[in-house]
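Some structures are shown below for you to check.
Look for chain A in each of the two complexes below; its partner is chain B in the first and chain C in the second.
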Partner chain A sequence: MKRTVDVSVPIGPIHPCFKEPARVKCETKGEFVISAEVELGYMKKGIERIMRGRPWQEVMFLAERVCGICSVIHNMVFIEALEQMSTIAVPERAALLRVIVNELDRMQSHILANFSYCYTIEHETLAMYLLDVREHVMDELERITGARVTCAYIVPGGVRFDLRSEDVLHLRANLAVIEEEVTRYMHMFEGGPLIALRSREIGVLSRGAALEAHAVGPTARASGMPETDRRIHHPTYKKLGFSPVSRTEGDNYARIMVRFQEVLESISIIRKCLDTLPEGPIRGGGIPGAGEIAYSGEAPRGELSYFIKTDAAGRVVDISIQTPSIMNIEACCHYMLKGVSSLADVPSTFVSADPCIACTER
Partner chain B sequence: MTAFMYEKDLSAMKYAILTSTRHDRMIREIAAELDIPQIRLRKLMMDRFDMMLLENLPARYDQGKNSRKTENPVEKDLGAGLYTRAIPLISSSEMGKITEQVQTLIREGTSEHEAVVAGRKMIRGVILQ
Partner chain C sequence: MSILQSVKNLVRSKSIHVAYVDVGSCNGCDIEVLACLSPRYDIEQYGIYVHNNPREADILLVIGAYTPGWEEKLHTLWEKIPDPKVAIAVGNCPISGCLFNRPHTLVDPPVSKHIPIAAEVPGCPPRPTEILAAVLSVAPLVFKDYEVAKR
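Right after this comes the complex of A and B.
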């Protein structure tokens, strides 16, 4: 006679499908996951401690080193927080250039997340296609900012480099290629019967649970929470008439589809920016001074908040960073993984929340 | 002796999480409201919550404080949703019993303030058990 035993199955810290080390401890009954717990501590940098006491000129470089995947938004939120604190104005051209770079960063992050998911459910063909199209986005980031990651593009009062007319041509041509390819891959994902078997109605996060865990970003928007998108409060995005994407299924499939849809949304935002890009300066000047502020922006994974206190010399006296992965991983291990009917779905459900351990541990 | 391989003591890391700026602010506020020593509250949280929940506590606390506004007056004063769903220090059934007792006290003529103070004392008792 078969015997069902309760066992504790650790997944990770090193797992071929995880981008970063994390240990997911699952309590299971056979294949059924009763509860899950994520253990951290494998890549703590102590970056908040390093930031304290340093001038903002040094902290702005440290901020984008919190995460290698979404470095632009860390740079942007930190600088915009300083600008708000010291009422520094940004020229319109610079504000739009910031949006372009931020959206390119979001696109590459979403494509990487979807690559990771497809790789986890063993659809390697689609995964490799996605990784290939991501290179087009990385090329554009490099062309505009001079670097693929940790670009340090945004500075108080503006941006570091202007967009040349030949760059605009390259960007428009590449956006057309990316749009075509991503649309094709989205349809492949949408219509794949095996993908549906591994993704639909798996790792469901209800709207109520998402609210309770304060889930953010595509994870929350896949559970019918478009209001969590911080871009609707950002003045430049407001001018561009931005409206967030959302779905209601709340499963792995919805989270991946939201990211695909957001990539297409980002392409249309960048095109609007290029169409309305005025001539003018890219730096307005201004030096951050003393103050205290809590400021949030929309990172690829969701709401990113910086709590900063500076002195008159612009030194960061205190800083606390709340990254979106903290909320999303918590929602994942306490709500999505609970009740998963097969252990094989644990890594894919975990990856569908796009967990960033570097952000979580800082 | 049986033990998990690679299992390690997480106390130091959990303590480091709870002493960060935002966590510290949250602990102080909860400890003041429930009249529990801060060090005791930190120890309780370290024992009962896993690392991810600890990391996410400030966000959950803010969310809990926001949803507190929509609760009925007694539940709002006791922090029924806050201490059961957002910061799960006490179970929903136990909080339900306490809320009922507080409402009974109010019906019997005790002032709302005194009844809530008594309710908080009961919550503290359950948490410190």
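Right after this comes the complex of A and C.
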């Protein structure tokens, strides 16, 4: 068939729907998108270049600022990599507190992603509801860690602050509110006929395509790949007995629903942690030494890997970070956007993959 | 100042369009700007509409430490905003570069070297209430006596 490109439409870098600058260049025939290409390079700060040659105490804060939305997991993966390298033991209570904070962070990230999607398909009511429930999660993060976004809660050998008994009461009460609200909004999303028109059968990523594009995180799990969840390999999560959620549709609707279900899953993980939280110390101590390790964890957007090499004084000699969004952006542009029947669906499909440009480019 | 002018000043301070541009931050400040939209902080109750369109904006929120990708582009963006206009630097990054202003970095802070900045909100990231307070303190001054000043 003859390939006819009517017009090449660039979307971005400044776009009402994008939180961050990225440029999607679509080749279209009428409204039908033939192919799409992403152009990055607006956010490159050179974090890995700054990190090299610095002591881990400084790199810890830089690692957290790779991505502001999922800052807790960057902190957690970096510190756990150092701990594995220098065989530092973590007290049981601290390990569970890490999981609690990490899951709270995952919840706020997923709710923000769903907010962005609902905002992009112009369902502002649901978007504002979701942003309101996110503030409850941010309250809990702030109560436990002392800061809303960049909290630097996890340190080698433990965590910074203990969870007081009144905090547990607040957390349980707030979790009940969040669970009720999120369940209500999930049903609104599930049953909304207009939402279904904008979401179902749009931006389909089949399981084979997801495997080919190395999609990770909720994007992959919406295409029927529950094994991509790195949490099943984490020792603390293993003890909590958790099973990853997945769906098989692979369209925009499935990706948003997977995030809703993961928020509910996170709530149940936090409840399990609170039930089994033992008394004891929260900081065991320990100083990172020389070593070399590749370690990965599950960020809200997928698998996050750190490769770290340190010297005897704990200085980072070499570091490289692999963030999840780059694979999802790739999968989005080369598989999901191909064959989208209307240009209006391009921003919503792009947002449904939850791209985080800041951590993609670092 | 005529009565008409003071009425204009009052009315225009309650009708402000905001655009935000991320010139290389960690995303933390972006989500705090988005949190201003939420029903708890509700920036729209003050007549401030956050719509990420520079061509109809009055206030530009600049987030981030100015990466090489924004050379020329940020200035072009600033010129596309119709007069009168102000820019607010949100977070430590546009003010000083925060953690990213170290040896071997690619960023080139402060942003005030590249476009005029009217107000600065320090913090890493600042709280939504602080961003809101900065926007509200600048809002009455954007259009103040615009016709008089133009003459």
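By definition in this document, the second predicted complex is superposed on the first by the 357 of 362 C-alpha atoms of A that agree within 3 Å, B and C clash if a C-alpha of one lies under 4 Å from a C-alpha of the other, contacts with A are read in each partner's own complex, and residues count from 1 in each chain.
The rule is short, and it goes like this: contacts are C-beta pairs under 8 Å (C-beta built on N, C-alpha and C of every residue); 3 or more make two chains touch, one makes a residue touch a chain.
Computed from a predicted structure; not experimentally measured.
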{"item": "Superposition on chain A - do chain B and chain C clash or fit", "value": "fit"}
{"item": "Partner chain in contact with A:Ile329 - chain B first, chain C second, else both or neither", "value": "first"}
{"item": "Contacts of A:Thr360 with chain B and chain C, given as first, second, both or neither", "value": "first"}
{"item": "Touching partner for A:Asp318 - first (chain B), second (chain C), both, neither", "value": "first"}
{"item": "Partner chain(s) touched by A:Ala213 [first = chain B, second = chain C, both, neither]", "value": "first"}
{"item": "Partner chain in contact with A:Gly191 - chain B first, chain C second, else both or neither", "value": "neither"}
{"item": "Greater residue coverage of chain A in the superposed arrangement, chain B or chain C", "value": "C"}
{"item": "Chain B versus chain C as contact partner of A:Val38, first or second or both or neither", "value": "first"}
{"item": "First, second, both or neither for A:Lys19, with chain B first and chain C second", "value": "second"}
{"item": "Overlay on chain A, chain C to chain B nearest C-alpha distance, Å", "value": "8"}
{"item": "Contact residues common to both interfaces of chain A (with chain B and with chain C)", "value": "41, 44"}
{"item": "Residues of chain A defined as touching chain C within the complex", "value": "13-21, 41-47, 49-50, 52, 61-62, 65-69, 71, 112, 115, 128, 131-132, 134-135, 138, 148-150, 356-359"}
{"item": "Residue ranges of chain A touching chain B (in the complex, touch as defined)", "value": "8, 10, 37-41, 44, 48, 211-214, 307, 318-320, 322, 326-327, 329-330, 333-334, 360"}
{"item": "List of chain B residues in touch with chain A within their complex", "value": "4, 6, 10, 13, 20-22, 50-53, 55-56, 58-60, 62-63, 67, 85-86"}
{"item": "Complex interface listing, chain C residues touching chain A", "value": "19, 21-32, 34-35, 37-40, 51-54, 64-65, 67-70, 73, 77, 98-100, 102-107, 124-125, 127"}
